[in-house]
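Read from first to last, the chains carry the letters A, B, C and D; within each, the first residue is number 1.
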Amino acid sequence: MMLAATVTGLKLKNPMMLAAGIMGTTGGSLKRAAQAGAGAVVTKSIGIAPKAGHSNPSMVDVDCGYLNAMGLPNPSYKNFQEEIDKAKESEVPVIASIFGGSADEFSEIAGALCADAFELNVSCPHARGYGAEIGTDPKLVEEITHAVKSAVNAPVWVKLTPNVTDIKSIGLAAQRGGADAVVAINTVRGMAIDIESGYPILGNKFGGISGRAIKPVAIKCVYDLYEALDIPVIGVGGISDWKDAVEFIMAGARAVQIGSAVGENIDIFSDISSCMDAFLTEKEWTLDDIYGMAHEV
Amino acid sequence: MKPVNAVITKVVDETPTIRTFFFDTSFELIPGQFVMVWIRGVDEIPMALPYENAITVQKVGPATSALFELGECDSIGIRGPFGNGFDITKGRILLVAGGVGAAPLAPLAEKAGSAGVEVTTLLGARTNDEILFRERFEAAGDVRIATDDGSEGKHGYVTQLIEDSKKYSQIYCCGPENMMKKVLDMVAPSKAQFSLHRYIKCGIGICGACCVDGLRVCKDGPVFSGEVLKKTEFGVYRRNECGERVRF
Amino acid sequence: MMLAATVTGLKLKNPMMLAAGIMGTTGGSLKRAAQAGAGAVVTKSIGIAPKAGHSNPSMVDVDCGYLNAMGLPNPSYKNFQEEIDKAKESEVPVIASIFGGSADEFSEIAGALCADAFELNVSCPHARGYGAEIGTDPKLVEEITHAVKSAVNAPVWVKLTPNVTDIKSIGLAAQRGGADAVVAINTVRGMAIDIESGYPILGNKFGGISGRAIKPVAIKCVYDLYEALDIPVIGVGGISDWKDAVEFIMAGARAVQIGSAVGENIDIFSDISSCMDAFLTEKEWTLDDIYGMAHEV
Amino acid sequence: MKPVNAVITKVVDETPTIRTFFFDTSFELIPGQFVMVWIRGVDEIPMALPYENAITVQKVGPATSALFELGECDSIGIRGPFGNGFDITKGRILLVAGGVGAAPLAPLAEKAGSAGVEVTTLLGARTNDEILFRERFEAAGDVRIATDDGSEGKHGYVTQLIEDSKKYSQIYCCGPENMMKKVLDMVAPSKAQFSLHRYIKCGIGICGACCVDGLRVCKDGPVFSGEVLKKTEFGVYRRNECGERVRF
């Protein structure tokens, strides 16, 4: 019970969620992550129409992480409620990640789906016209957040890109738009080239870095957002063990999400939970004690 | 890992639609594992490893056609091997291959055969000149053939060759999913292993594109026991690139 | 001779330079890097007055890299010509990296120093009032570049920060200001927290990530700048072997700089040179063939 | 590596200005290597390892004073060990220690002594109650003392105790730089090793703050042969935090 957390009203048995886009396209896979111990699961980002994504290669290893340019493949919200419903069988909160090209698209999608919360993906670094092209513009972020808030009753989270000069200004825009929380960070812009041929490796040429390499970037974003915002921050980026999760919470994350590390170890949610529990017990700390601790010392 | 550069050293025409591309790099593999083959500028697609230094490709669309344009000295990028591979058992085993599904089964037949396992292979193809790796299976044990057009062996589906499946300690199967589904329905699920084909994007168990319910074909598979598959969407529907369900 | 390169008029025996801030405070250490095979050496960034830098810890390991917040310690330009002169004994070009709080400071420093080129550091992510606070503002970058260009006869390079929404716009500003080249990238903003205590590890709390973790970020920046600019791009960030150096050149770097990797292996310059030479020979390629290759395939 | 958390288990007053802090973590070390000690919220400073699980600290300024405020159960962060350490030779060796410079030499004396090497130590201190680790050196061999105020042993500098340096196969020295410079001038440079103190920032050979000409004290050192130092600024000037030259 030590790890129970409430985030924007959602009760979580632990603060470790499955991140968006990770095993998130099917109800069955979301359910599996929940059964593996996730406190909540976030779906793949869902759009207005079915989308095949970028051509392969769409993911490649880089030092301490991965580079991906999936291109937001998704079956569209019209085919997605049944997946959410299947995921709901696991009895953990299911958060629908959604994306669109305009406030109207975002609210059309959110309005049509039934989920425990919505995560607005305005931060994919490699989807032209969607994603980061929206998430770098405070006005658009505020407008979209506001539109979705008006369209749904569930909590609305806004997922931020680190690929901006000042992430706080985007977080503040989300907050003004009525967001219940922000999620930081989406992947970090990057690229890899095959030296045997000169070809950019990804089908899309460039993509987003995830995994351990980006953890310090994410920690800094969470730290800054915690200072700047009144709404909670959910941390994501490079978590691969319980120590990383603790570091995020100390930086100011109310809860965390885990993405890339799920590939090697889908049981990471329960592994982290039990180690974090043991750590807190040994230190005689509660989750609340360590929440934002780096700001107090 | 990043794609390894593999230079093609030899191209063998196996059938009118299937070619084997040998390259200058070898991979330690468990039969049934696969690699991601990057045809630069075109696509990256999953392929079984029928040898430790080759892939055997059926031409079906843009990427495989682009592969067919390549010859000696051309190069491709290879990530892998990925996935679990077949769980090799002792005793008497039955292999059931449909079309290019023979690719991952051939090294299994060889490995089992040379370990003293009694291997029987049922080989199915559209027509007799499309039969793949017949010699490799014959060298490892008994082979029975079925062709859709009756040009050789049984006229009909390879599944029609299955009889008395109980006498085998394990059954290994790779081919079109509806063929594999038929096999699953005919044998004891706990004694059968199936190598699945699903749309593979990341290949490393992260994106979820390949999921059969909660199972990742690229990471938890591509080989699954019939027992596991029984409870899933296997044979009922697959997912296309968008993640939409497509019924068989 | 295969690796000889000319960058903004400077003749280099190979395109591998020592990056700014790496063993760059003393003439003796710059000379050592040159003797270890560097094609050119860049000094520590030098300012208007002696500066002790941030308190320690000022550098810590992160996954596949380092996080640092040195805080631009330097003896000021008034004490630095003798170091440059000592470095010059090595007979490779010596580039003076300089920083300041205004165009006037930049040109005062550049005007007073004699060096083969100047690298303007407008991109340190953790020096308040200097560095990235300037380097994220295109107008300031243009103005400073222009001022230094007017003050010196030597080539002027502008070192860019990746911590911006659009690095191309900053590169274009440098080009408008008359820069002869841009250098990309400086470190990536990051932070690490000690979970035993909750303390941010760095004395300055946050810092900049260098090393292998940031290579894909740097490759993407170089690729984008190559497309956007007419002046050459010098690549830096995460190079740890010859393959990395080739990848940068294919992305569009005319030359590269090596920083963190020097810690483990100061002979990295000659190691890379000989391996790159062997690679080009085997492929029957020249440096020019691979320069920008990723844009052509 | 990130700082390892080390909990202080015991504090020993060695002299009125020097304390040893034992902690719950051990490091495999070559005598002469150092660690970076993080006093959280204050500073991170280099310290030799006189034991595998302790540092011995002279109170000289803010960081060392903050350390002196810590007691059992308090914790510090430790990165390291870093640097090369002394190159241990056979035969007859001479150790020359000034003040807290005895810290890296004590484990060297013990290691050499137990390996059957004949160890002579010259120990210098300001005054007799500031003599550090006398028992440890005595257990390893001969000890001669010098104090600035004559309160024990020779009245004067430790360098004045050096006689007949040729009979030693190697001389190991740690102390204030001008003392070490004197030693260098008195002995055969190629047979002497000096552990240097320079301002350390990164500790891992990257930033260059610690450079003595091209040599990085933190990475190539802190121990250098006299032969190498001969050609450098050693004993002439050091660099302060800003990198300015400060003459001795």
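Worth a mention:
The working rule: a residue touches a chain if its C-beta (ideal position, glycine included) is under 8 Å from a C-beta of that chain, and two chains touch if they have at least 3 such contacts.
Just so you know, these numbers come straight off a predicted model, no measurement behind them.
Among the remaining chains, not one touches chain B and also chain D. Once chain C is left out, the chains joined by touching break up into A, B | D. Seen from the C-alpha centroid of chain C, the farthest chain centroid is that of B.
Per-chain Cα centroids separate chain A from chain C by 33 Å. Once the centre of each chain is set as its mean CA position, chain A and chain B turn out to be 36 Å apart.
Chain B and chain C have CA centres that are 50 Å apart.
The set of chain C residues that touch two or more partner chains comprises 62, 192, 197, 199, 297. Among the residues of chain B, those touching two or more other chains are numbered 40-41. If touching chains are joined by edges, the resulting network of the protein chains shown is an open path. Applying the touch definition to every pair of chains gives A-B, A-C, C-D.
Across the complex, chain B meets chain A through its residues 1-3, 5, 36, 38, 40-41, 43-45, 75, 77, 79, 201-209, 211-216, 219, 232-233, 239-245. On chain C, the positions that touch chain D within their shared complex are 21-26, 28-29, 31-32, 35, 44, 50-53, 55-62, 66, 68, 70, 73-76, 79, 192, 194, 196-197, 199, 201, 203, 259-260, 262-264, 266.
By the touch rule above, chain C contacts chain A in their complex via residues 62-65, 67, 136, 163-165, 188-193, 195, 197-200, 205-206, 209, 212-217, 219-220, 223, 238, 243, 246-247, 250-251, 279, 290, 293-294, 296-297.
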